[in-house]
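The following pair of complexes shares a single chain, chain A, combined with chain B in the former and chain C in the latter.
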Partner chain A sequence: MHRPMSARSSTQLAAQSAARLAAQLPAHLHRDPAWRGRIMACLLTVFIVWPMLVLSEFKPWILWDWQSLSATGRFLSDFLVPAHDPEFLQLLLRETWQTVAIATAGLALAMVVAIPATLIITDRLSISALGTGRTRLPARLLRQGVRWLLIVLRSVPELVWALLFVRIIGFGPTAGVLAIALTYCGMLGKVYAEILESSDTHSTDTLLANGSSRLAALLYGALPESASELMSYTVYRWECAIRGSVVMGFVGAGGLGQRMDESMKMLAGAEVSSMLLVFVLLVALADLFSKILRRRLG
Partner chain B sequence: MPTYHLQHLTVRHRGASSGAPSGGPLPALGDLSLTIEQGEQLALIGPSGAGKTTLLATLACAQQPANGTFTMFDQDPWALGEAARHRLRARLFLAPQTPPLPPRQRVVTAVLAAHLPQWSIWRALASLFKPADPQAAWQALARFNLGDKLYSRVDRLSGGERQRCGLARLLLSPAEALLVDEPLSALDPVLSELTLSTLREEAAARNATLVCSLHQVDLALAHFPRIVALRAGRIAFDLPREQVTPQMIAQLYQGEPARPAPPAAPEPETLPVKPGAGACL
Partner chain C sequence: MHDTQHMPRPPARDWTVIAVMMLLAALVVASFASLPLKWRDFFTLDAVNSAAELLAGFAPPETATPFLVKTAWATLETMSMSALGTLLAVVAGLALALPASGRLGQAPRAAVRALLNVLRSIPELVWASILLIAAGLGPFGGTLALAAHTAGVLGRLFADSLENAPPGPEATLRTNGASAAAAFLYATLPQTLPQMLSYTLYRWENNIRAAAILGVVGAGGLGQMLKYHLSLFQMQQAATVIIAMLVLVALVDAISYALRRALTR
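Entry: the complex of A and B
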């Protein structure tokens, strides 16, 4: 009789104390201490961002007014039927040829510098390291120097080089060729060296140990090991050079890009559409070429 | 004139390149004294990890000794300048256990690479386009029953064919010292006989020194007049084959698993080592 009584009273007590706690939650705890900070942060954001939006003339609603919509619609509907009158096609062909020429000449120039640079910076193919594991200080300094040169060359975007060369030698494809040559030389040198370093070095090391020169060991050991990787990366870079030359055309470095810039400014959607199709075709061509080469070498 | 003269030579493992523990308590080769006359033929035997490959690499100037004297053709290669040392390397030929042939190369190119130390870079380039001396390459391959593979690609060859292809390169090299690391590891008994006989004939024909590491003790005893046995980086015995007794052989290989700090099987608790990277140069 006594026990159940006390059990019941204890559950009652617990319920009562919970109710009392809820009732007695102090007034100052009703307010979330983080609330004021959050509100302030929101206000501050609006306060900072609003002038920025005004400064940058961010007015998305003008996209939806009637005039803009019709202009966009006209531009986009032009895309459906690419420009194909003979005169334009002739122009397109000439400009495409120029773009391909810019990319190819630029890449060829880049390789002329990148290949010797690769031979200098690669850690493999070191005769002084053979047997000692150490390279000499002058060799290390030269290696590091060329590495920095390549970093500088590739860290400046080709667009910046192109702007620079357009200022120096004027509008035209030469600026594009030089810009591609400089940037891509830095990229090719770095990646060639890394491809060589990540391939199996057993054959190269043995040739060196048997008294071959560095270049001979490269030709008979390292190149056959990694020829297809080197080739496929080079073709991919050619593809990038095509795209790069188009972007550089917008700043006046010749080729398809320059025409595209003009067509864009005239809102000639049909012409832009034809040019985009040509890009797709060129990239597909590069892809096919790389596939054939890899099948031949692999 | 001795081809090689080694006295109290110590060679330490090169940690990074060989995958073996560096700075370990025991050197790869310790207190090694050995004289090899020009034209001599000797077999290196000993349990796995005894230091046979390291000794061959040292003889090939591909590994610098830490202590002791080392002369080769009466010169200390490590006292010479780099260019002179590299010219000295052209007078020897090291055939590693794993054939050093790029998979995408053609057999004829791989074999003709023996001439690279002598060729100018233009000659080497031209030979990539049109093989300079396919007749000589074919003759070298034919001595190992590989004549029909002249224009195959290396990756189409079997393991044993690759190994013999690597040795065909040796036949073409004009080297005066031939260092061969386990040439029989991928060959059947008949081809093993043929290969060892061909190597010995070639060495004898041009009075070249032949040092060959072998795991097949019976073949070593049958083919080589002098046997050098290595165990744990030291010379266990260095005798004419007539004086090598079966007891000595048994003693050389006994207690295999308990040998102290072998380079190929380091203690796992002290040094993490890439598995499978230690064996070949």
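Entry: the complex of A and C
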């Protein structure tokens, strides 16, 4: 009988103190029960964000500085009427085609290297792995070596490859094509191998175990199952390569990006604005085209 | 009965697929044909020698302590650019996601979605070179560029997840007399918050990679160092910066892989 009494009296006490606290606040507000945690979180955020603000020289007020405002204003007011004289449009068309061509040629070269690399690194076509599940040592070393090569190729950003090739070969689309070829070779090889390995092993194993050649096992066992996935990934990469080739133009690797960089440096807002329009259109078109392709071939 | 009659008929040839393949082959051929590629220059003995000389210049990477300290600061700068850019993008993306999820009617939804598409389809590097005009050389422009592109991406993703959230809880609060803001904050936002958080972390990961190279147009961080030393042909310093980039990216990959493994297990 004693316990419930004391429990009730303590709830009464708590209710009284809560009522006293609530009396200090306006009638419809309750005291936040988690205020300590919230204040600590705010303080922590300030302590973390402050050094970041300093390091990244975050000074938004320079945007409202008179000099920068007038430069920006002049640049942006040119944006309203994109450059559209026929000569410039012709140049724009040429550069846009060059951008697409760089992406396409780079991706084609990447596939030429990535497909053999895929065939080397995939475990699916290994005859010695049949039954035992283990490959021989030289084969394993070769596979691992090619895998590492692909990792190196894809982990250097394409822009850095482009910078290096521009240093070696000079300005122009050759650097862009090579940069895309190297980076995308690393990506395609890895993903192709993953796609082949994630499909069902039954068909290739059966073919290999019954004495078919590796090529036949690939063509009749592995490919029919994963062809659509391989295709749609390749088309997606082509779309990425178009975006990448515009960006690489900024370091001098040809195409739309290089012209955009030049116009930007001359503060020619009208030209930049029509180039941006073309670029947005190009990306949207590539998106649409790749969607259609994936539906047709997938 | 002849044996072949038991075989299933081969599937009919789909001529459209063949036509598309021919079109693609034509595109590839036209690309190679129209580009002024300098293979000949590239594979002459002269070019090979100069390339080999250039590559030999990379070894050994610069390892003097002051330079390493400088590289470490640039790495920190890259990290803080990416973090701040992502943070700003979250704020802007959330603000744009509200109209983009159709809460203020169909006309604002279409307009804001168009804006988000434009923000998203211009790459960070192009944003950086535009924003450098307003913000000047340095990491601030790069931060804003990351924020602009990522706001487009996150705004779209946030808007989609707001639209896809089940409407029941918010409708219940509204019919029981809660204000619109309270109903949103206590019903729809908590439902979508985990998804938004995972999108944000994913974009942050991407932004670290992007921030490392943004500097080549002058927007701070490791990229700016790389561009600077490469343009002065100081290859050993450039090699150190490239190694720092690779280490940063590998580290981010490893951490995100480990986090994903830990969270999805």
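As a convention for this text, the second predicted complex is superposed on the first by the 234 of 298 C-alpha atoms of A that agree within 3 Å, B and C clash if a C-alpha of one lies under 4 Å from a C-alpha of the other, contacts with A are read in each partner's own complex, and residues count from 1 in each chain.
To be clear about the criterion, contacts are C-beta pairs under 8 Å (C-beta built on N, C-alpha and C of every residue); 3 or more make two chains touch, one makes a residue touch a chain.
Everything numeric here is computed off the predicted structure, so don't read it as measured data.
When both complexes are superposed on chain A, chain B and chain C occupy overlapping space and clash. Residue contacts after overlaying the shared chain place A:D85 against neither chain B nor chain C. In the overlay built on the shared chain, the residue A:G211 is in contact with chain B alone; chain C does not reach it.
Of the two partner chains, chain C is the only one touched by A:A108; chain B is not.
In the superposition on chain A, contact is made by A:L219 with chain B only, not with chain C. Counting the residues of chain A that each partner touches, chain B and chain C differ, and the larger count belongs to C.
By the touch criterion defined above, A:D32 lies against neither chain B nor chain C after alignment on the C-alpha atoms of chain A. Taking the listed stretches 7-15, 43-51 or 187-195 of chain C in turn, the superposition on chain A shows a clash with chain B for 7-15 alone.
The contact surfaces that chain B and chain C form on chain A in the two complexes overlap at residues 297.
Within the complex formed with chain A, the residues of chain B that make contact are 14, 16-17, 57, 60-64, 78, 82, 86-94, 96, 98, 100-105, 109-110, 113-114, 116-117, 119, 121, 124-125, 128, 173, 175, 280-281. Partner chain A is touched in their complex by these residues of chain C: 16-17, 20, 27-28, 30-32, 34-39, 41-42, 47, 50-51, 54, 76-77, 80-81, 83-84, 87, 117-118, 121-123, 125-126, 129-130, 133-136, 138-140, 142-143, 209, 212-213, 216-217, 220, 223, 226-227, 230, 233, 242, 245-246, 249-250. Contacts from chain A toward chain C in the complex involve residues 49, 51-53, 55-59, 62-63, 68, 71-72, 75, 97-98, 100-102, 104-105, 108, 155-157, 159-160, 163-164, 167-170, 172-174, 177, 243, 246-247, 250-251, 257, 260-261, 264, 267, 272, 276, 279-280, 283-284, 293, 296-297.
Taken together, the chain A residues at the contact with chain B in this complex read 127-128, 130-133, 136, 200, 202-203, 205-207, 209-213, 215-217, 219-221, 224-225, 227-228, 297-298.
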